[in-house]
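Shared between the two complexes below is subunit A, which pairs with subunit B and subunit C, respectively.
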Partner chain A sequence: MGTIDKSKHAVLLEHVYYGQGCTNVLKDVSLAIPHGQWVCIAGRNGAGKSTLIRLLNGLLLMSRGRILIDGLEQSGRTLGDIRRHIGMVFANPDDQFVGLTVEDDIAFGLENLCLSREEMQHRIQTYAERLDIVHLLNRHPATLSGGQKQRSAIAAVLAMEPSILVLDEAASMLDEKAKNELLDSMRAMHADGRYTLISITHDVEEMAEADRLIVLDGGMVTADGSPRELLLREDLLQRCRLKAPFALQLCRELKERGIDIGELVREKEVQEALWLYHSKRYLTATGTGG
Partner chain B sequence: MVISFEEVSYRYRDRGMTPILGLDGLNLELEEGRMIAVLGAPGSGKSTMLQHMNGLMRADEGLVRILDFNLESGDSRKIPPKLRQRVGLVFQYPEQQLFEDTVEKDLLFGPLNFGWSEAEAAEAVRRAAFFVGLDEALLAQSPFKLSSGQMRKAAVAAVLAADPDILALDEPTASLDPASREDLMQRLHGLTKAEGKTVIVVTHRLEELVSYADDFVVIKGGRVIFQGTARELVHKQEVLEEAGLMAPSSVRIAGTLAAQLGIETPEMLPDAAALAAWYAGLLESQS
Partner chain C sequence: MKRKIILGRYMEGDSWVHRLDPRAKMAAMPLFMVAVFMVDGYMGALALLLFTLAVIRGTGIPYRYFIRAMKPLMFLMLFILVFHLLYDAGGSKLLDAGAFKVYAGGLEKGIVSASRMALFIMLAAVLTFTTQPEQLAQGLGSLLKPLTCIGLPTDRLVLMLGIALRFIPTIFEEAERLWKALQSRGLDLSSRPLREKARLIIALLVPVTTGAFRRAIGLADSMEARGYRLGAPRSRFRAFVWKRADTLFVGAFLLPVAAAALL
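Coming up: the complex of A and B.
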């Protein structure tokens, strides 16, 4: 300890506590999240997930500990700066709209950054294209579908060019189609490499795609590691009240019936493994294979 | 029929110059003692329909029958007494429903208001809190200090405490963790079987209700475009599409496998065990 180059981490928490009176919502949380990582935060209702991410940009102020964002230590003086590094997207996009059109809404954040008119127009165009909402720029937010609203909210946040994007159950109010659109946007942002993604979610399918899974329980980190490994642990799933991903349930049901394709957590991987499985069998059975 | 809608139309007049159609000649009959899932894209009329069930909204045209109450359009807008006691509505946003300074007072409000004694009300509150899995220690707290998931449970408990015959819930599982979601669905399903209550759940997650709801109703443009069982619905791609739903994972995987093996997608219960059994049987028969 003490030798970590702090600028290397997007987020660094050291012994962070948060609580009111004698009840601690978060207890002694220490975390280091490197740049570009896609992190999911899981845990049962009331585990402290939303509290944790609200501490990052000072929406809530920690009671004790240290928080560094992109190497900047959080204090009254740095909070303004830190907020430019973190973009937040919440569950209900309606809570986040202020403008009369999607374009106004993106511009609102940019005006507060005191950018030139040209730069603002450039950014609106860039991020509208990236989130595929150019055709929606003149629409009133209330006329958009849930998925379109959430994409617009993300565009408005990204236009301010934060390095860290925090999503607090951003898909929980979306229908399944919109949820998939959002997941596509997250994959693209991750591939881009410029963003650190921190996502609170109850969706095991989303967790299976992330680089890292952090599990909170009773205000403490109880597990932290690769989702591919953590999602296999029944005890952990039970503790944070999750169900195994459908892909994994299927692998286990297949194994009981003598079909072993391993333990996979993503639907796509299972599809591929099953394709291999029956094509190999077919080749062996017909003697046309090697 | 415990609930019937006959040619019910409703227009929103308070949203701009032209009235927006909420319900458009909607017809629907629901039987008593069943769990019913109501699905549809945002703006399809799901919540509007729900709010007609306890007279919060009154039809412009048509007739709504709930239990032994007839709510006619153009009626004097008086709500029959007892209707609201027998039909409990849980709203989409719990923060709009809860208002007292402690969770306990919020849960007591309904029972006391309907004239129960304090002892009866307290017992009903204890039962309702247990039913939804709300920690009793939270009863003394302000509902607005709870996490979003706990707040959701409190809102459901507040309605359940008054022991309604019909329980209608608008997106009750958003922000609940998956085990709490499944737990709630299981318990609600139990209410229909053990106590003969009718439970109506508006949702946008087909998978969480597939194993619990008896009937599925899909709404689009203020009309019912599908009513039937889960088995029927999961294979109706165009209906799912209209409602912003995706076929459950099992149906998607079965579809891909069937295409690869050059056979028709079979009808099956949408769970992992059924899919695995089908696939194993298929390989067996081909060897």
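Coming up: the complex of A and C.
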């Protein structure tokens, strides 16, 4: 890992350890995440996922190793700067609201950046529009639904214009509809290209969408690669206590019935493959091509 | 629980009282308090009442809300009135029924004392009904600002107050949920003796308190992650602008002081 050009990485971890007492929660973790990548971190409870991402912005301090964020080496002096680069959304939407209204909550982070009033107003408007919460700006957080709270929390974080967005099981307390909305927002952010997304999740459908999947077990990285490959591995899924994505299950069922479209993990890809399969058969049957 | 208490709640509106600088409203309170304590007769109390009613009219909030705000303290006001009636023997005798003697002086003092309380609650209600809690907290902060030079961390106090206000409904909700969970598992308070009831309510406090601590830790993480650092300089999103109306509003509160002194 030492030979990688450091300025090109959003996040770079070199032999990072983190321990509480005499037990190591994280052992010798080395990672390089390039700009613009969408990374999912999986692993069963207690595998060290939340610890890992809390080390990134110094909410927890590592015991040994090196962490570089956007080329900045993490230390007591750079922590303030590093936190400007990383935005973090937590699992419980209730516990991340500081302001008495959504607007004030977004303003809280901007006040910490010492922005002018005009700039704050401009950013609040921009990001509220982007996450479709303009009509909620004057509401008290207790009056919002779970999905609305989480969208507001994301707006509050994005308004600070970080280059790295970390989501710590941000969808875990949401219902199916809100979860899909969140996933839509993440897709949009990924397509935007300005953000590096790091998301802890137990949702295989979300993992299937990501560029990269990192599996933690017992404080160590046990797998790191493309979700298309990793999600096919039964042993990994079992270790993380996950079920195979619906698309993959479908592919396997179809194969048993003699329709072989390969093993795919995204629903969209399965759709495409089925279309292709169907039209090929049609063409062969009618003798018009093939 | 929270639905019954109306004093301290914000009522949305767009009256000139709503639009006043919270600092003006807060500065008017001590002036009014001086007037309330200077009053010692029917005329003064009546003058203050008329003044208060005029301000209430200005808020555009129906009178009945202000009466409801007084309800929890009605009993105390009645007690003050009765106390004065029974023990204050000044002026001419109005009623003599054996052991009970009512004097005009006692009646006046009783009514004035009770109305002091009523007046003050009404004006406090004007303040909280027309000012958003966050503005209240920030207004208080900027009024206390001069105290920073003797080492009082006013910014932190304002933030603390704001967070406390923010979490009151959340923690109430949690307590209610716990209460329902206990009830659904067969807890029935009505059949239990008072001591047992007290014990059970204290038992409810433990999970609510641990819950509050858990939330506090989560909130601290979120605040730190968003770049909050103790003592670091911050800018302000909500800036107060002191207008002529604010000066006039505070100035107007010299009227009741003068009235109380003269009448």
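Following the convention adopted for this analysis, the second predicted complex is superposed on the first by the 271 of 290 C-alpha atoms of A that agree within 3 Å, B and C clash if a C-alpha of one lies under 4 Å from a C-alpha of the other, contacts with A are read in each partner's own complex, and residues count from 1 in each chain.
Keep in mind that, in the parts below, a residue touches a chain if its C-beta (ideal position, glycine included) is under 8 Å from a C-beta of that chain, and two chains touch if they have at least 3 such contacts.
Since the structure is predicted, the reported quantities are computational estimates derived from the model, not experimental observations.
J.: Look at where subunit B and subunit C land on subunit A after superposing the complexes, then choose clash or fit.
T.: Clash: subunit B and subunit C overlap once superposed on subunit A.
J.: Could you tell me if A:Val204 is touching subunit B, subunit C, both of them or neither one (first, second, both, neither)?
T.: A:Val204 sits against subunit B, while subunit C stays out of touch.
J.: Report for A:Asp104: first if it touches subunit B alone, second if subunit C alone, otherwise both or neither.
T.: In the superposition, A:Asp104 contacts subunit C only.
J.: Is A:Ser145 touching the first partner subunit B, the second partner subunit C, both, or neither of them?
T.: first
J.: Of the partners subunit B and subunit C, which touch A:Asn57 in the superposed model: first, second, both, neither?
T.: A:Asn57: touches subunit C, not subunit B.
J.: Just subunit B (first), just subunit C (second), both, or neither: which does A:Tyr18 touch?
T.: In the superposition, A:Tyr18 touches no partner, neither subunit B nor subunit C.
J.: Between subunit B and subunit C, whom does A:Cys240 touch in the aligned arrangement: first, second, both, or neither?
T.: In the superposed model, A:Cys240 contacts subunit B only, not subunit C.
J.: Using the superposition on chain A described above, determine whether A:Arg281 touches subunit B (first), subunit C (second), both, or neither.
T.: In the superposition, A:Arg281 touches subunit B alone.
J.: Quick one: classify A:Tyr127 as touching subunit B (first), subunit C (second), both or neither.
T.: After superposing on A, A:Tyr127 lies clear of both subunit B and subunit C.
J.: After superposing on chain A, check 20-28, 38-46 or 74-82 and name the one in subunit B that bumps into subunit C.
T.: Once both complexes are placed on chain A, subunit B clashes with subunit C in 74-82.
J.: On subunit A, what residues does subunit B touch that subunit C touches as well?
T.: Residues common to the subunit A contacts of subunit C and of subunit B do not exist here, since the sets are disjoint.
J.: In the complex formed with subunit C, which residues of subunit A make contact?
T.: 54, 57, 59, 80, 83-84, 86-88, 90, 92, 94-101, 104, 107-117, 120, 140-142, 156-157, 160
J.: For subunit A, which residues are in contact with subunit B within the complex?
T.: It comes out as residues 43-46, 50, 91, 145-146, 169, 172-178, 180, 202, 204, 238, 240-243, 246-247, 249-250, 252-254, 256-259, 267, 270-271, 274-275, 278, 281-282, 285.
J.: Taking the complex as given, what residues does subunit B use to touch subunit A?
T.: Residue positions touching the partner: 41-42, 146-150, 153, 171, 174-180, 182, 204-206, 243-246, 248-250, 252-253, 256-257, 260-261, 272-273, 275-277, 279-280, 283, 286-287.
J.: What part of subunit C is in contact with subunit A in the complex they form?
T.: 132-134, 162-163, 165-166, 169-170, 173, 214-215, 218-219, 221-229, 232-239
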